[in-house]
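In the part that follows, the structures are each spelled out as structure tokens.
Shared chain: chain A. Partners: chain B in the first complex, chain C in the second.
After this line comes the complex of A and B, so read on.
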């Protein structure tokens, strides 16, 4: 889109967009194309020689049980993070919206974890869930009777990084649900109340369906978050272990490429991730506004 | 509320308080841990009454983790990214919205597509670019066989070597992260809502495009800029993967990464009091920014994702 009245200049618009274009070309497009080319090459670890191998790298990763497991891990992890943080965010926002008295104070108390880096959130939860010192771990052992040990057990490690990653997203989801809730016209709720609908019925038949665009949007954002931004959590807390049980795709790309110097495989994995994010972005733009109906 | 529901209201407040406690618990607990001496922090369970070792642990974390230097680095990085991003995006959006030129759509599309290329999906090649930013130019130069062309032209042997490494530098920490599709979109959306009459009036009064930009558009964008400052500062400060890749010199590491060295490993002394003290210090700047600019933060978060 463009303004009806525009300025005329033969050089100025180019000059103004130039910084943006230079940075995107150098740090986005060039590396992306390089990655794509690299994914079809097989090179020795020192980068001295490489040869064109078509889809060999892709065939390798998709027949590699470790990679397939990493895909599964990533999906379980992202769904767990999204559902924990969205449920809690929605729950707290609904409560906060009902409590009309102290909304500002409640908001202040709830939004600051957004500012905590995922890696730092990881450190805090590492302590809370530490098998010998952590108080939450103690509670889990005593009340749930689970022999909690995230250092040795994969499921426990997964639960730990899920907690650490979901915790900070609660505030993010809270902010959006709060905005969504406040945008719902009071008259709708009042009309339903006059018709005799209880607060619970009103929530499920009016509030929740009206929140569905927010809900969908947040699902996408939380999944993107857990796919990519949780790198810091994994790197500080589990380093992908124990036994690869928390080795999500992004961490594996880093491990194989930057640490293991397996350039071809790492690039192929990057391209898979790129494809995935293209699909997610497409879905987001295509469906977020349109397909979620405002009918119960 | 619509009707009186005393029981439900009580539950609402109870659940709300529980919710706030769940969200706040990790911090409260870490704060307590950071005040205890080593002997008490490693008790099971740890006592919940704050001790008097707060300053001792903080000083310990500060010196041992070299946090002063690292927080300074994080601060430079976050500030650089924030202002770089906003400056680059706002003039880019101005170009796209207020000028009609041939490559406008191409420029817009190319910015849009960067949404699909976060740093995480192009780790290795972006690192290579950072190791030599002029690499792409060199490759183009070589591909066009310009060396031989220049040699032929001047009659001498000519070879061009372009090399500029961004590793372990502030430029390297900042520059690759200042291109942002979302910020450009935000300004574009906002500029589209600015009344046409303003631009027409400015033109009639003989204002140049840049005068219009500085005198009218920039002041109008103040709230949007404030909102983005909060969001981008937090984003920049909390970056993890990129600084991890391009810094090897401990003096150039950022605080969020450096913190890892304070975490007690299996055979270390379990000095969690120091580690958590460090964690609290490192998280303080962005938390303060968010809390002090809360109104802008909420606005920025919601506007940006639209």
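After this line comes the complex of A and C, so read on.
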């Protein structure tokens, strides 16, 4: 039952989308084109001289084994963040969806972490898990006997930034799953229950397929989040270390461009990053979306 | 209504189109710096004193964030032709600034403004970091520090180790014995930690032992230089640290200073190498043990150790302003180098006074008798005349190079690479950066 409105005048719709178009052009297309141009140049930061060097910057980054590793690191990191935060978000949403006391309060509290900025989230987790002053880290070392040391060990550091990044995203996922769950008609689940389906079967055959649009949306959003917005976490927790093991693409762009002032290489890297995210999103829409059921 | 709005727009437009200078008499000098909190206040006081000392110029200091943010702000402003007169840039940005074509060299500025400055009265180890190959000063040193070694006196006493001299460095072998004693006796969980591993364990280690860090006189002689850190001496130093790491005589605490510092404060490590600016931080943070400082250790084969090298930042004068404004800039730089300001700066922040005059004055005053910790760094910096190798480093993309060294060293500490492999890789990767840098300016 979709409502359709039609506009008689031909210019009004264009006028209405104009502000959005202007914003997109200024804040997305213009810098993107600038970046693309810059990626073919070698120029000094002060803009006194620049040279057209064709694909020199691209050649440099793709022959750098560490850049290739950074791509791999980014994929591992984003898959880890997305799966941890989606799984936990769904789990908590299913729990919270059941009738209990103080539902509103519980929900509000669960949404809270989303309001925390990534950098703050990073610092919080650093205080918990830093090997020399982290409270939890000291516990892990003393009671579990694990030699936890994210300052030195790449896998520990990766685990730490994954937790810090996934934590606040759980809330985001929780909100959407919650909304998705409430849109599922109770009658379907009750009917299945009368037919003798176990809670797990009910979840797997009814709830899960009906949540698939939410899943799809969240997988796209979470991957994009872990590609870009986790910058604050990385910056406060590991700065890409140890030994480059948490140096994800967006952090490397920042380090080479903003701190190191190698504008050409940094631009080439951001063009690669942009291409990657376009391709990933395209693939998701092309292949994953087919499995999504939008209406019950 | 409409008329009103038009009037407002017209008035605002008029105000914007006339620069404030038309009405205000004194010439404004803008200085963008990275000094915040306590240091920021010291800088503000110095500016205020200058502004009160004369009426021709007004210096306006603006904090633009961290070092990298200040440099970025400067770059962006220069491109937009809105650059400040003075920009504070960290030492690793020196080569980028020198090559930029955006600067007015300080030696020239001072000469053009008619100041005859006796550069020999300045701390040479500081000046030499900011000179070009011909010995001309390109930027004015502002905040300079050097690394020293802090140690936990209480732990030394408990382990029965004699305290260290403030002037005579111990050898690395001796440090090995000391740390062994500390760890074996159970007094300290670990021997030493080091902040800024590239700056202290490689850059300063090389300078002190007069080992070239890069070819072409550490890059002073030309852009087509290459890193030489994969030499047997540096490799064996890193190998030694790696061995120490195995029996807890050395502990890795992170790339910057926060991690290592907290290990020292928490008494997880008995010895801590960091910049002299650590003095103020430790004074504030350490409550439950006594500590002291000594010069960095020296290898036994190095009979006459060289000076250590500095870190910190200097003041660059940017192009594109009027002659009158530059006279103001010169007057201000001159004012900053005066004894009174230098002594104030040193006392408040711990950064070195840049002139020998100021240093002597402080000595006469008895300042160093009351604050013996402050002499450790200065003596280490002044103990020899800088050679072409120990005067400093002049590398393009130095920020990236330090990153590379950090990454590679971390792979040594976590056992992924041997010291030789790591230093070879570091040199190889850094050389690509240097080539790209050279290509940009050719």
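Remarks
One rule holds in what follows: the second predicted complex is superposed on the first by the 232 of 296 C-alpha atoms of A that agree within 3 Å, B and C clash if a C-alpha of one lies under 4 Å from a C-alpha of the other, contacts with A are read in each partner's own complex, and residues count from 1 in each chain.
One rule holds in what follows: contacts are C-beta pairs under 8 Å (C-beta built on N, C-alpha and C of every residue); 3 or more make two chains touch, one makes a residue touch a chain.
The structure displayed is predicted, hence computed values, not measured ones.
Using the contact criterion defined above for the overlaid structures, shared-chain residue A:28 touches chain B, although it does not reach chain C. Of the two partner chains placed around the shared chain by superposition, chain C is the only one that A:255 touches, whereas chain B remains out of contact. In the superposed pair of complexes, A:132 makes contact with chain B and with chain C alike.
Within the superposed three-chain model, A:204 lies out of touch with both chain B and chain C [touch as defined at top].
If you count the residues of chain A touched by chain B and by chain C, you find the higher number for B.
Within the superposed three-chain model, A:54 lies out of touch with both chain B and chain C [touch as defined at top]. Of the two partner chains, chain C is the only one that A:43 touches; chain B does not reach it. Legend: residue contacts after superposition of the two complexes on their common chain; A:62 is shown touching neither chain B nor chain C. Looking at the shared chain after the overlay, A:231 reaches chain B, while chain C stays out of its contact range.
Residues 130, 132-133, 151, 258 of chain A contact both chain B in one complex and chain C in the other.
Interface of chain A with chain B (complex): residues 1-9, 12-14, 16-17, 19-21, 23-32, 34-35, 38, 88, 91-92, 95-96, 98-100, 106-121, 123-128, 130, 132-133, 135, 138, 151, 167, 170-172, 175-176, 179, 189-190, 193, 199, 217, 221, 227-228, 231-232, 235-236, 250, 253-254, 257-258, 263, 266-267, 270, 273-274, 277-278, 281. Touching chain C in their complex are the following residues of chain A: 42-49, 51, 53, 56, 60, 64, 66, 130, 132-133, 151-154, 239-244, 255-256, 258-262, 264-265. By the touch rule above, chain B contacts chain A in their complex via residues 1-3, 5, 8-9, 12-13, 15-16, 19-20, 22-27, 29-30, 33, 41-42, 44-46, 87-89, 91-92, 94-101, 103-104, 107, 110-111, 114-118, 120-130, 133, 136, 175-176, 178-179, 184, 191-192, 196, 199-200, 203, 209-210, 212, 234, 237-238, 240-241, 244-245, 256-257, 259-260, 263, 266, 270, 272, 275-276, 279, 282-283, 286-287, 289-291, 294, 297-298, 301-302, 305. Chain C meets chain A in the complex at residues 68, 71-72, 75, 78-79, 93, 96, 99-102, 252-256, 259, 262-263, 266, 268, 397, 399-400, 403, 406-408, 410-411, 413-414, 416, 429, 432-433, 436-437, 439-441.
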